[in-house]
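In the two assemblies presented below, chain A is common to both, partnered first by chain B and then by chain C.
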Partner chain A sequence: MHVLRLIFKNSFRHKLRTFLTVLGVSIAILAFGLLRTVIDAWYAGVEASSANRLVTRNAISLIFPLPLSYKEKIRQIEGVKSVSYGTWFGGIYIDEKHFFANYAMEPEHYLAIYPEIIIPPDQRTAFYRDRKSAAVGRKLADRYGWKIGDTVTLRGTIFPGNWEFVIRGIYQGRDQNVDETAFFFHWEYLNETMKKTAPGRADQVGWYMVEIKNPNLAADVSVRIDRMFKNSLAETLTETEKAFNLSFISMTEAIILVIQLVSYVIILIIMAVVANTMAMTARERIGEYAVFKTLGFGGFHVAGLIFGESLFITMFGASIGILLTFPVAKIFAQQLSTYFPIFNVDPETIYLDIAAACLVGLSAACFPTWRALRIRIADGLRRIG
Partner chain B sequence: MKIPFSYSLRNLWTRRLTTVLTVAGMALVVFVFAAVLMLAQGLQKTLVQTGSYDNVVVIRKSSESEVQSGVERLQASIIETQPEIATGADGKRLVARELVVLIALPKRGTDKPSNIVIRGVEEKSMILRPQVKLIQGRMPRVGSSEIIAGSSIAKRFEGGGIGESLRFGMRDWTVVGIFDAGNTGYNSEIWGDVDQFMQAFRRPVYSSVIFKLRRLSEFDNVKNRIENDPRLSLEALRETRYYEKQSEMMAKFLRILGITLTLIFSIGAVIGAMITMYAAVANRVSEIGTMRALGFQRKSILFAFLMESLLLGILGGLIGLFFASFLQLFTVSTLNFQTFSELAFSFTLTVEIFAEAMGFSLIMGFVGGVLPAVRASRMNIVEALRSS
Partner chain C sequence: MTGKPVIVEIINLYKSYRRGSQILPVLTDISLDIAEGEFIALMGPSGSGKTTLLNLIAGIDKADSGVIRVGGVEITALSENELALWRASNVGFIFQFYNLIPVLTAFENVELPLLITGLSKRERRAHAEMALSVVNLTDRIDHYPGELSGGQQQRVAIARAIVTDPGILVADEPTGDLDRVTAIEVLQLMERLVHELGKTIIMVTHDPRAAQMAHTITHLDKGVLNARPQTDL
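Now for the complex of A and B:
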């Protein structure tokens, strides 16, 4: 008990220095937590994918379409429950900086395959009925202040022209990890227009969403679909939704790696700062440690004092940092929703925060402890400042 | 009277452990700062050098990139007859109709596919891009399933080396040459005969038409004519502007990321320097008192402590930059969000980045040292001498 009191009193002997160190640690832990959250946000699409959904796309690459006629063929394959399809529209609202995902899809089956997208029943019926209508995510509607019945114009990049849509539905995610910034509209609207302006590009879809009866059959069904279209003009590549989303992320691997490395650098920086504080503290108190030893306290006690103080300071800073992570992440989520539609602090991030703080506290105390233990009592007592 | 410079220097040496730890913290911040700047610089350099100022790219209106664009044969022929197009040494016009598509190919050593650009080229494509040079093998023969690969594709992608073959579009394509395009985006591309590619990918339209201007000043003329022609619905851009636009989102992302990170990190390092300097002042109260008693002015003492802190900054900056300069050996390859294709670029250290990083570390040293130095200079002589 007395030792704990001593550690507490020791920690606040140099109020300014302790204050600065605690501040440094809390900023570092805050930054570390935010960087981990950024990495989580990157993988959010993978987390949200379901095991019983497959994606079939053109084997050459995503920019090549598949013929609409594949739909019925895929539906006949054993193990397939239902099939829907969509096309990446890539339309621009206002200018390039206002990015959000927008695609054309066949609505009824698509929404049935995605039970996590929740639209109120009356809006859902209105969306199905109106071919020129669109359904948008809650966050996206908030960002631009869209209401039901508003008209939105997107400038097509892949499909030329200005496209007008009427918002008939605003969806919410069932779970936290559902992207609420997407914009869906009827594939029929796109197709009818293409028939008029560019007949060669009509009746083509970007990808098929395939719902399977049993998640364990994913591999078999994928092989069956791909085998059916082997050696055709448009060969297919079928993979689980998770693998499909992962393939995007693996292409940006380098950036994730950089963010990961940088999140460790901040820990190293703060380690240097805390180690510096502890080294100075221990140097100033060498005389006191010698007195402790003279009084008969062993090395264990002296080490405990230094480690205790170091851990106390880092933990104090870390708890402030962790508490700050939540409000700051909220601000980040609002500011960066274009880049990261989903930005939630994971419990695992908090555990990592605590682990990093422990590591900093322990390693910062090592060297001063070694010095304090090694010094001979007479030298310690003789030494000045 | 001035306090000698060696006083500040020796003080740092006396407290070696503290100096090393503080400098290490600063060096890490400078390292991150320099690394991000070098990355953004490398990206910009790659994409800006990819284009030439006197080349014009014609793509479909509001299609943003060649991959999304489509130029019909008739439209391409109209472009080819524009009078502003320069003429080559052989008397033919310097214009090329090209097809650009993306295909997914696995990288060597992994089975993870990455999107890369396939460019169908014509005879004049090479001349239009003087930075592209064939370094191995030969050019593909017109009408054959032969391709040439950029040097970074040959190195990093399965089947991209000379003599190897790639399968796409229901055909096997033999790599008969490797080209090097210096520091440009073409290094991450595969080139072949445009008509063969149109057949293989079943795309009846070109993606873009590239031509060289006869005179630089004629850009506005030709741009207006093309964009106002009712048959065309195309837009013309200078090649440099076209590639600059493609890197905007990525460069903005890197900038935001870099500035946020270094700002947060520098707070950590400044705090480290502040702790060190406060301790340096606190440990030397009687020493400062003695110097004041000897007749050194407040100003000199302020200056000496500030110098000590600036030295910490300089050391941190130099060490950080020393390690950052090794980054130039690495090449980063990532997905460009805007074009959706693989792009390889390397960290680039320039004199400006060196100056910025050193300036940044000096600022960190100054901010960390100014308060402690002021405290040291304000000390009362009698109290300071009595303190020990």
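Now for the complex of A and C:
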């Protein structure tokens, strides 16, 4: 007989109680894992940021455009490798419920600056050639069943009218954290139309993407760009892509904080549940622990039995919770792709799950162990009978 | 006394319990010698202190003052950890309600005290099987306590008590939960342990018939000893 076997057998002495505790731990770990994944999804854009990309936007606000003429001036600044630009289009497909990000962009440099966006060469060429074409993410294409050559109409909100696009490219992310739900089309197409319908809005871009030669130059180049357009009609604010993305998240910081708090509260609740189970278990077995001590087993052994059982139950529940996290996250990703284009369970989330389970298991065993060790053998033996 | 060496020597032992601000004396100036190989019964009314005396001799409780020497070791001077180690190799316990671990088989229950010895798995197996054969339960080796009768469970408990080959067995009402026939079987088994294996048994009992099996009956009343030798070895 091995002590581990005794711990295993002890864990299943009250099958219903163990089952309910394991179930509780599984659900808690699943909920904790999913909430952590939601937070990760929130920060996915930040994680995908590159250190050698800067974003230049209007210093007043992102909703104010910048002149197209800035492009060449930015390109000539020392340390700048490449410049592209884009504009938030905000078009609606079918109705508002079918949301996805859609941008007008200058394709060649844009895709060069974003090497993580992978488009097959023939599709890339076709996309470059056709000004009315669009490149869409694989997940977006899958969601609506779009294929190469399909025509998609977006209803403009910022830029009025119905805009028709032919899908020429379907891109995939090189990495897991690349958003595959975006819709790109030619800025030229937008600009030409603006020239005809609203000339005052032509030759304007929403932001510049600036690729720099060396990430260490980010601060210098940012200062130089902003200094160049100081006191102009459209002053600029240049920041790293990461800072730019974080500025969006800061708007929703309170929500993230609440989600984080809820995730920790879940752990506290399950800690109380497991502690209750272990307290009941230890109270019932005080007599047995007294027998163990009588036979010469020390406090270390008794503590090992209680901690072992507590850890076994929590780790068992946590394992089920962790295993369930992946398929449930997949379902979440499908159902919430509109809000969370990237919804992947990060390895760090699993480590946190394991750490939380260990913390729960160890904490829950502390009080029962203290009680079991504190009781005198003679008093413990009196509890039997 | 029988002329045999003394294995348990108790000198001026005092023990009291505290209940709130009140101090209740349980044992008062107890002095007692128990010879090696003796089968002694401790009798007395409830609350007379017999179980307390048994616990003190077995090293599972601490005296207020006085000395207890068992096999030459002054156990009243040992720390908790030292006492635990001492108990593991020197004392076997037989309880009224058997106190077997319900999720372990008869074999595993008997093997339990050996887990804290340095014995190998094979040696532990040999010892446990030997102890179970002494109590004539080799055919129930894989049975759980719930699958055994009261008498069989007590025999498993006796096997667990002797598996480490201790010199002393302490038994607290070992027949208290058994019917008459089974109680006699258990007592006969205990007598065999004294005669064939040379164990010293100290038994607390209320049952005069059980006490008849002992060589010496010692009465306790309100914490004071009154020894009446019954038979000589």
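Note that the second predicted complex is superposed on the first by the 382 of 385 C-alpha atoms of A that agree within 3 Å, B and C clash if a C-alpha of one lies under 4 Å from a C-alpha of the other, contacts with A are read in each partner's own complex, and residues count from 1 in each chain.
The working rule: a contact is a pair of C-beta atoms (placed from the backbone, for glycine too) under 8 Å apart; a residue touches a chain by one contact, two chains touch by 3 or more.
For clarity, every value in this text was computed on a predicted model and none was experimentally measured.
In the superposition on chain A, A:13 makes contact with chain C only, while chain B stays out of contact range. Of the two partner chains placed around the shared chain by superposition, neither chain B nor chain C is touched by A:316.
When the two structures are aligned on the shared chain, A:296 is found in touch with chain C, with no touch to chain B. Look at A:128: by the touch rule set out above, it reaches neither chain B nor chain C.
In the superposed model, A:279 lies in contact with chain B only, and not with chain C. If you count the residues of chain A touched by chain B and by chain C, you find the higher number for B. Touch criterion met: A:24 reaches chain B, while chain C stays clear of it. On chain A, the patch touched by chain B and the patch touched by chain C overlap at residues 385. The residues of chain C lying in touch with chain A in their complex are 51-52, 55, 58, 60-61, 81, 84-85, 87-89, 93, 95-97, 99, 101-104, 107-108, 111-113, 115-116, 160. Chain A meets chain B in the complex at residues 14, 16-17, 20-21, 23-24, 27-28, 30-31, 60-64, 90, 92, 96, 99, 155-158, 160, 200, 231, 233, 235, 247-248, 250-255, 258-259, 262, 265-266, 268-270, 272-273, 275-277, 279-280, 284, 339, 367, 385. Those residues of chain B that touch chain A in the complex are listed here as 17-18, 21-22, 24-25, 28-29, 31-32, 39, 60-64, 67-68, 101-104, 112-115, 168-170, 201-202, 204, 233, 248-249, 253, 257, 261, 264-265, 267-269, 271-272, 274-276, 278-279, 282-283, 332-335, 340, 342. Contact residues of chain A toward chain C in the complex are 1, 3, 6, 9-10, 13, 287-288, 291, 293-298, 301, 376-378, 381, 384-385.
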